[in-house]
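The two complexes that follow have subunit A in common; it is paired with subunit B in the first and with subunit C in the second.
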Partner chain A sequence: MKIRQFIGGAWGQRVAILVIICAVMAVFERQFFTAANAASVLFTISVYGTMACGMLFVVLLGGLDLSVGSMAGVAACIVARLVQDSGYTAEGVIGGMLVAFAVCVAVGVVQGMCVTYLKMPSFVVTLSFKYILYGAAPLITGGSFIYYQGNAVAENPVQRFVYSIGSARPFGVPLPIIIFVFFVVAALVVVTKTTYGRRLYAIGGNDTASALVGIRVRRDTIVAYIASSFCAAVAGVVLSSINMQAGQTTGNNYEGSVLMAMIVGGINLAGGEGDVAGAVFGALFVGLITNMMTLLSISPDFQKFAQGAIILAAVCINAYSGRRAGRVKLATAPAGK
Partner chain B sequence: MTALNLEKSAPLPSDVESRAGQTMLTAMGICKQFNGIAVLTDAGLDVRYGEVHALMGENGAGKSTIIKIITGVYQKDAGAIFIDGQPVEINSRQDARNCGISVIYQELSLVPALTVAENIFLGQEPGRYGVTARQEMRARVRALAERYGFQIDPDAVVDSLGMAQRQMVEILKALSVDARLIIMDEPTSSLSNAESERLFETIDALRRSDVAILYISHRLEEVYRLSDRLTVMRGGEVVGVLQKDEINPKTVTTMMIGREIHYADARTEKKLFEDNVLEVSHLSCGKLLRDVSFKAYGGEILGIGGLVGSGRTELVKCIYGALRRSGGSVTLGGAPVSKSIRKNIRAGFGFVPEDRRVEGFIPAQSIGRNIAIASHDRLSKAGFMNAAAENRWVEDAIKNYDIRPKDRNYRVANLSGGNQQKVVLGRWLAREPGVLLLDEPTVGVDVGVRAEVYEYIRYLASRGSIIIMVSSDLHELTRVPDRILVMYGGGFFHQFTRQTATQTAILLAASGEHPEEGEALV
Partner chain C sequence: MRKLATVGFVLILMLVFSLQADNFFNLRNFSELSFNAAFLGLLALGLSFVMIGGGIDLSAGGIVCVVAILCSRFSFLGTPGIVVVVFGVVCGAFFGLCNGLLVSRAGLTEFVTTLATGILYQGLGLLFAFRDTGKLSGTLVSMGITNKSYLALGGRFSALFGARGALKDFHLMTVIWIVLAVAMYFVLRRTNFGLRTYAIGSHPKAAEMSGVDIRRVKTIGFVICGAFAGLASAFLVANMSAANASLGSGYEFQAIAACVVGGIALGGGKGDAVCALIGSVFLVTILNGLYKFNIPTYWSYILQGVIIIVATVFDASFASFARRLRERRADRASGEEAMRL
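Right, the complex of A and B next:
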């Protein structure tokens, strides 16, 4: 078996890796297969995964979106603030979500314009917005955390609603997972079935050539930043509902885990190569590994060490196998299949 | 290792007995093969101190190969090289430097953010313990510049200098390590006329200081202006060495091309499709393209000749919308042509760029994706691709244009150059464009594929399309187009029909001399 296929390759290997992680956990830690833990893992994965579905667009173009964590935080804060201020009315919830999504989409447009019209590096633009948005969050909440009032049996339907986004289980499946699956399917359709998906790969693979076949590179790039920001906003709302709170640190630094999911999922950070399956696999992998380390009582500080090592190993494997295949770029899954 | 030492100031050229006229470099019997194909056969060259020795030849004549052997980039298979009469072995760039040979490359190797002095001493700064002796550096640069009569400020940041001055810095850099032979490869290709004139003054100053100069250029006028002797190469051999008074356009171009094979390709008069007409009037694009006007009809293959930098690439890119027009208008069938590439493609335009790797294909993508990318408008509905139509479209193109392997999922990066070009060309041919613009369509393409490309182009023209083909390949220009416009200095210079076009005449026109054949346009 080629090393290249080991991580980020065909579904067979990906599933094998996940099964191995689960098997190891089953042997060493009984708690892993409890219902409570399963829910915890799935919640984590759904938040990372929803963000990854959006960030995939930007990464396919050859960019990075380091602002998704802070973006999620700001969206969560806007919704929580407006819900609380309205006294848990339907207008407050609907208005809050509309405002939150509108703000995030607007920030996505600004980021996209900085990258296209001002020709600023994606990395710099989104890193700046990571801090800008992080710093803006306390202005929205008034400086402290906002705690949602609500539970499954609350009298006020809005209180039931804010609770259920994170905790409801229609047909026994947690709602965050359903939302995650919805975004996976949406991303899959866009990437594989639409002309926009084709253009994403084309621009990421060679933007000069793309412009010369009539692709509006700027417009398509801005749309990718919008998609990334929107998914981050949704993930933020879900996350705040799972935790029943929103504040400055909501979603903070999640972009690291999402990026790790991208790399492990074999998505070429130089653009043009990768698929939705890779992003999903990456999110599952990151969620499981994080949970595994927590259950094994590995301290959060050392978890960071392990995460760094995993990213390094994944990049190394990709680069090594790429070189063996005679390619220059970091690449794994062949595009176009 | 610093060659210029102020304490023991090297004697000025005038102080010592002049070495002008003595032979600096002699190369003889040089042979070189690549993969069994002879690129140089018994080639030779001699360059003397205090002379500008020009080297001319068509693309593929072996000029760059012999330069690379002299400068240690390639190793010769046979032959000998002498410096000052002594046999030497040059096996690396360092060997060449030690022999006093320096090359000024087309792409300059200066660091834009550093000053002139810093660039000249880059990597060998005077001083101790990593602390640069700035004063000493400046003084040395001044001394060096004075010695060769150059006007340059050692503290100027390179980024702020014009191209001619940057070349001057490159030359000073070479002289600072005691270069006695300076090789210049197409030094004026990125210079304006005024800047070229400054460079020529620099070269004159070098010649007076008894430096040997080997000058490679395609521009005849420069060669007449500068050179003392001229070596002409063709097909890997030296055809002859001309003295200053023997150099004239006719002789040089005839030597470069050799026996002219005239293709009396007696094809019957072509049918023109009068309703498909592209009209370009007074088109300008900054300084690169000035007030160009012409008409082309459906059924016609129009060739555009000229040197690199003559405005030919800018012309097709301007028509297509890839470069912003600064003046003039373009109409197709009476309707104005948009500035948007996207709209133009829908109106029937297609464009095959010169550098297919950079501007043509998407290397990491499959053959299928690369072909379909230009035709999403026909292969989708409401933003969704029609997979069945796409596959049919791609399979047809692969079959019609014989792209190998016949696997639409194969990565274009792994194809041969010829097949890559067929992918880029096939992407447009599949659309049957009303106007197909081609920039160097057969560069790096083998003979077999070349013939196929011509066949596809002719077929498309016979169906009523307008073909505009930019080419440097004289053989191709005399054979394929029905009419040839030669550009010079950003405008049209000379026009030929297929009957009047000869390779010599086109080359002459491209170099800025009106030949007897054809029709002068300025």
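Right, the complex of A and C next:
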């Protein structure tokens, strides 16, 4: 009975999708199961996953953060610039990260205030900030890309610290994965174990009712945008150290993939519905499907088409299953109520 | 009032640019400026139907991209230019219809649906785009359009009717845009469909209770939005005499910015077609001015983002100011009445 429930339930479907992707890859492309490919998939997943963990807070509120990609780019640019300008010192590294996180948190506060005090739709605010941050990135780097000098890294332990976030392996596990797992656990604890998590679901379900029962909706909303911005900033630093470069296009258009992760993970974009596990599954899915299309040498042009089609299909499926669940609930409700 | 404020801003901007930049105030620049304004204006004009109805369409850029490719492919068949433009409008309307059906019949959230279809349409554009080998694996190439009657439509008036008249330096699209903006003003303010659009934008529940078919009005709004994007795209391709698949990204955002600046509120129910017209002139003037001052292009991204937020703040404070003014006037009127009694 339990097994049947598992197969019929959301998790059965999720596992089935991942198994199907792996099976397809096993048949068509041997390279999929090599260690190098596994590492590259895990890197992709950890970047998307870290962003998704933060964006989850905003989405649970019924909002949407389209600025995560540009936010990641700006954070990466700030760190790269300050580290370079300081001449690769420890202060430069720590200061760069602090400045980057502070700037992103400040932007998150402004976004949250635009949404709460100006009552602007969340996606318009974050779309505006996507372009503002995208335009701000060249101001930080001076218009060009900052490349991490690979051979200098080996000599200087400070440099190794920043630039090897992408390649360090404490206890044999790549550091991006550890960062990703840390954020997943943190998000899980906040969402399931704290009152703030419960408040997020309450606001996402009905913000007027939440305000009436004494939840400080504005404060909680602003905190959610801060969380999203902070996670995006961390993901940006990780991404730039994996790619050994930072510039305007770092993280550009990542929000599409993170959004895909959200929707595939069954998180209701209207708010109040979804969990961390869904976001993690979504990140796994996005990482695997991107890797699959690259390995099968499907042209990047078709990948764009596929991205749109997958988002649309997942939205349709979510809407359909949600409506069916609603109908079942109505049908089983006791008569006379 | 709100429109006059925006017009005032446009005039101030133009004055400043004319005085400060020596290559701003001339016929050539105004012709270029009006063409850009017409392109953005057509997108914003279509979008205004969706936005007044309380919705949003993020797929305009994607529609521009795929229609551009389709139009340039179609023009190689040697059809007359006007047929290519009509083809572009029909294609755009079809893509808009897809959006509308997904939103109103399948009941999906608007911005997610149109965000996804926007990516999808851009992907379609890439799939249809010209490639050196003709196969999907080839690299993208940009094909110059050879269809003379189509190219003439994208050019200046002088290319169509000879070098006569006051309009000879302006583009055909500019004139079509202004005519359509005026026509759409009356469609929105005078026809049943237009009034229903305002009704569903300002109070959807009340509109539904008084018998407005929300799903139908919404779908038609999306179709109009797509058709305008298709029209703008067809003219743009004719003007550039080539189409490539990177066209169109970011236009959806510019169109939203133009509408918001013009005074079409994000919640719906406010503004009209003339707002979209003024808003796009405003945005294009600023972008043109930045270009004339040789300011790096990334500033334009920052500016567009800031403009949306500033315009919303302005609208909010403007609305509260107008309300206070009304209240004070009402107070005074009731006071006078009390005196008389």
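Quick note on the criterion: the second predicted complex is superposed on the first by the 311 of 337 C-alpha atoms of A that agree within 3 Å, B and C clash if a C-alpha of one lies under 4 Å from a C-alpha of the other, contacts with A are read in each partner's own complex, and residues count from 1 in each chain.
In this text, a residue touches a chain if its C-beta (ideal position, glycine included) is under 8 Å from a C-beta of that chain, and two chains touch if they have at least 3 such contacts.
What you see is a predicted model; the values in this text were computed from it and never measured.
In the superposed model, A:Ser210 makes contact with subunit B only, not with subunit C.
Contact with neither subunit B nor subunit C is seen for A:Gly95 once the two complexes are overlaid on the shared chain. Judged by the number of subunit A residues each one touches, C leads among subunit B and subunit C. Applying the stated contact rule after C-alpha superposition, one finds that A:Ile311 touches subunit C and leaves subunit B untouched. Comparing the two interfaces of subunit A, the one with subunit B and the one with subunit C have no residue in common.
Only residues 320, 322, 340-342, 344-346, 351, 353, 358-366, 368-369, 372-374, 376, 380, 383-385, 387, 409, 411, 413, 427 of subunit B touch subunit A when the two sit together in their complex.
By the touch criterion stated above, subunit C contacts subunit A in their complex at residues 56, 58, 102, 106-109, 111-113, 115-124, 126-127, 129, 136-137, 140, 245, 250, 253, 256, 260, 266-267, 296, 298-306, 308-309, 312-313, 316. Residues of subunit A touching subunit C in their complex: 64, 114, 118-121, 123-125, 127-132, 134-139, 143, 248, 256, 259, 263, 269-270, 299, 301-309, 311-312, 315-316, 319, 323. Residues of subunit A that touch subunit B in their complex: 193-199, 201-202, 205-206, 208-216, 268, 272-273, 327, 329, 331, 334-337.
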